[in-house]
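Dropping the structures in below, format is structure tokens.
Common to both upcoming complexes is chain A, partnered first by chain B, then by chain C.
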Partner chain A sequence: MKEICLEFYKIRRRKIWVTIVALLGIQCLWALWAFRDMNAKELSQGYMQCLYHFSVFNTILMPMIAAITASRICDLEHKGQTFKLLLTTMPAGILFDAKFICASLYMAAAGAAQTLFIIILGKTAGFTEPFPPGYLVYYLITTVTVTITILALQQVVSILFSNQMIPLIVGITGSFAGLFSLFLPPGIQKGILWSYYGVLTPVKMNWDFQTKIADLQYIPVDWSGFLLLLGLLAAIYLTGRWCFTRKER
Partner chain B sequence: MTNIITTNGLSKQYGSAMGVKDLDLAVPEGVIYGFLGPNGAGKSTTMKMILGLAKPTCGTITVFDKQVNSKNRLAILKETGSLIESPSYYAHLTGEENLKIISTLKELPDHEADRVLKLVRLENQKNKKVGQYSLGMKQRLGLAAALLGNPKLLVLDEPTNGLDPAGIQEIRELICSLPHSFGMTVMVSSHLLSEIDQMADHIGVISRGELVFQDRLSVLHDRSDSCIAIRTLNNEAARNVLSSQGISCQEEEGFLLIPRLPDRKLAEYFLQFLKNEIGVVRIEERKKTLEDIFLELTGMAVNL
Partner chain C sequence: MLWNVLRGERMKLRRSPVWLAFLILPVLPAFMGTFNYLQNIEILEDGWYSLWTQHTLFTCYFFLPATIAVYCSYLFRLEHTNHNWNRVMTLPVPELHLYLAKLITASAMVVLTQIWVGILFILSGILSGLSDPVPPELFEWLLFGTMGGVVICSVQLLLSLIIRSFAVPVGIAIAGGILGIAALSKGLGAFYPYTLLSLGMRANSPGGPMACSKEQFLAGCLFYLAASTAVAFIWLRKKDVVSV
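Moving on to the complex of A and B:
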């Protein structure tokens, strides 16, 4: 706990939240623009519309948020050459854990803010679809889980390399890979970490080729995909932590 | 005198090159131990291994009579302060905030940061962001962080690097006062002989990863005994005169080198030279400087 508090203490005045709020703001403005003129049918599927589109927005923006946050939390140690001082007072693994928990709390807050925005949008825009608390909780859990898995990868790269261009390139590349993977078959999607916002979305779009009508519907939770994601998180986290603890200063 | 740090056969290999080879250090308690060597000799690597920041390829390290391993490393280091290479700091935080991070990790009371800030004379700058500090101030802050909790052992790697002469003197005076004022043992490295000469009681000289000398500094000084160099018009005859008086001498670059003798005795030999019609053209007193000894020990003299 002491180590986690110190991580927050270290990043004071760095205004890490500003980048997160700015990117979330862009996402919300994007959503407001997309839902600016909803017809009766769209209002009857309002929450589904939100959950579907937010999954796509997340594929583009959340990897960026994770990359920037991880980079900023790790970069201050590289810049100040503080590893050689800190690691004489605390184990490397604990430092890695503390940084991850600190950054994950930011990711959880971002996910919660998004969910809250969807609820407020639903109430103000007058969605006629019944309020779906279960799906919103599921959305929150999957969004945060996918984001912290990407965050784990970003933290590993940010903490191992002093050149912070490397993690930022990984973040941007992953973001685009995730977006393009949405057009690929589900089997391939599950092999790309950044596509899991789409893989785990609780809403599916049915496109009727004959009538040219797109319709949304809730789909059963993809537990196998979720478990695969948790496995990826554990593998990335433990491998990265091991590499960091083995690294000499 | 018990040793605070002992290493046995300590080695570190990087690829096929040996960074440190079979190092047997012995740092006695309560002294300033100067760890001297040219750049790249293995000083920082050795200190990092002592602090557990680098893993030895083989050999053992004993600190406070306990053999250091990955499990007890941090418990042992609780009694140790360190400053390795350049100072570590968070530029966006103030000096006081920087120290608070380390004192929290070491579970020290809040006023400890103020105490060490006073020691390094940074108390008036404690609310300034470290990014705005000069290099000397950053170095002093690094030293303050090392002094947190009044550790029994201080490991300082080139603490005066990059400082101006006034800053060097200030840091040197502070380091010299630590064993007397706080009972600390200080291991300080430098590639500058003059630095170590002014600070250390004991000295270890490392060259190309190997320890080439380790003892009290006074022992090294003893090696700098002076000799008399004489140049005559007939060195062969002069050598015979000296040999007949039981004085051994060696010839070097046209000079006869004899041990330092009392003036009266030396005058007698010169009279003997005159009687034997040996013209004396040069008489010099030669003294090996510590620098000469250092260069000899480290084998750098050949390169120069």
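Moving on to the complex of A and C:
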């Protein structure tokens, strides 16, 4: 607990939340623009529309938010050359854990803010679809879990390399691969970490090529995909932590 | 003097893997865009032009501005660390040359990226079995795209000069790229620095004319280049360095 507080103390004047809030704000503006002038049919699928489109927005933006947050939290140690000093007061593994928990709390807050925004949008825009609390909770859990898994990978790269170009390029490439994979078959999607926002989305779009009408529907939760994601999180986190504890400084 | 500063920039980048990002990143849209094109070939009927949109659409809006931002942050990284601003500002080098050398270095990378994008596009088209000749407009798309990329370089270099954090300018570039979609939809693409790349490369309308006139496009490029350079010069001349 003391180590986590120390992490927050170190970043108290870095205004890390500003970048996150700014990017989330743009995401919300984008959503407001996309959901303007909804017709009766769209209002009757309002929450489905939100969950579907937010999953796509998240594929583009959340990996970048995770990459930037991890980079800023780790870069302050590289810039100040403080690793050696810190490791005389705490084990390397604990430092890794504290940084991860600190950054994860930001990601969880971002996921919660998105979900809250969807609820407020639903109430103010007058969605006629019945309020789906279960799907919103599922959306929150999956969004935060995918983001935290990506964050774990970003933190590993950010903490192992002092050149912060490498983790940010990993973030951009991942986000890119995730976005493109939304057009690929589900089997391939499951092999790309950044595409899990789409893999675990609880809404599916049915596109009728003849009538050119898109219809949305809820689909059963993909628990096998979620378990696979948790396995990935554990593998990335434990491998990264192991590499960091054994790295010579 | 500018030549010497440029040589200095080259020396700083020696053995740095920055070029890898620009080599790898265009391969992704080329591979996945071609795959998507082949999957939807019955809808995408315009041959080379459809393939071009698949290659460039997301790249121009989101990912190339972000990659350029990473590169620009990297170019200023050395100055922002180890009290190096104190050393740099005591060198007998005009302030303008410091900024211009970085702008030329970043622009050279954009030129190489555009050539690489062109090569990948032609290769993808041939491998996809497109029998028509390569569109004659390809050179123009790449040339105007380069101009748009150089504008993003100038803006991002200014941001990386002012903001000491490595990641924050990258965040601004991503936000800029996304807001660019709104600017384009409102017909303001020529007035917004992050849309000049997609406008120049005709990312969403390769078969037709640019969404603005060429004069408007060039005026937009020149304005942002001149404004960024002027602000950077004033910043370097007037603002006291902050060294960490």
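The rule is short, and it goes like this: the second predicted complex is superposed on the first by the 249 of 249 C-alpha atoms of A that agree within 3 Å, B and C clash if a C-alpha of one lies under 4 Å from a C-alpha of the other, contacts with A are read in each partner's own complex, and residues count from 1 in each chain.
Basically, a residue touches a chain if its C-beta (ideal position, glycine included) is under 8 Å from a C-beta of that chain, and two chains touch if they have at least 3 such contacts.
Owing to the predicted nature of the structure, the values given are computational and were not obtained by experimental measurement.
Aligning the two structures on chain A places chain B and chain C next to each other without any clash. When the two structures are aligned on the shared chain, A:L6 is found in touch with chain B, with no touch to chain C.
With both structures placed on the common chain, the touch criterion links A:K79 to chain B and to chain C.
Measuring from the middle, so to speak, at the Cα centre of chain A, the directions to chain B and chain C differ by 80 degrees in steps of 10. In the superposition on chain A, contact of A:S175 is made with chain C only, not with chain B. In the overlay built on the shared chain, the residue A:Q164 is in contact with chain C alone; chain B does not reach it. When the two complexes are superposed, the chain touching more residues of chain A, out of chain B and chain C, is C. After overlaying the two complexes on the shared chain, residue contacts for A:F183 are found with chain C alone; chain B is out of touch. Contacts of A:E248 after superposition: chain B is touched, whereas chain C is not reached. Of the two partner chains, chain B is the only one touched by A:T88; chain C is not.
Residue contacts after overlaying the shared chain place A:K204 against neither chain B nor chain C. Superposed on chain A, the gap between chain B and chain C at their nearest CA atoms measures out to 5 angstrom in whole units.
Shared interface residues of chain A, touching chain B in one complex and chain C in the other, are 14, 79-80. If you check the complex, the residues on chain B that touch chain A are 48, 51-55, 74, 77, 80, 82, 84-93, 97, 100-102, 104-106, 145.
Chain C contributes residues 16-18, 20-21, 24-25, 28-29, 32-33, 35-36, 39, 58-59, 62-63, 66-67, 70-71, 73-74, 77, 81, 165-168, 170-171, 174-175, 178-179, 182, 244 to its touches with chain A in the complex.
Of all residues in chain A, those touching chain B in their complex are 2-3, 6, 9-10, 12-14, 76, 79-91, 248-249. Those residues of chain A that touch chain C in the complex are listed here as 14, 19, 22-23, 26, 30, 33, 60-61, 64, 67-68, 71-72, 75, 79-80, 163-166, 168-169, 172-173, 175-177, 179-181, 183-184.
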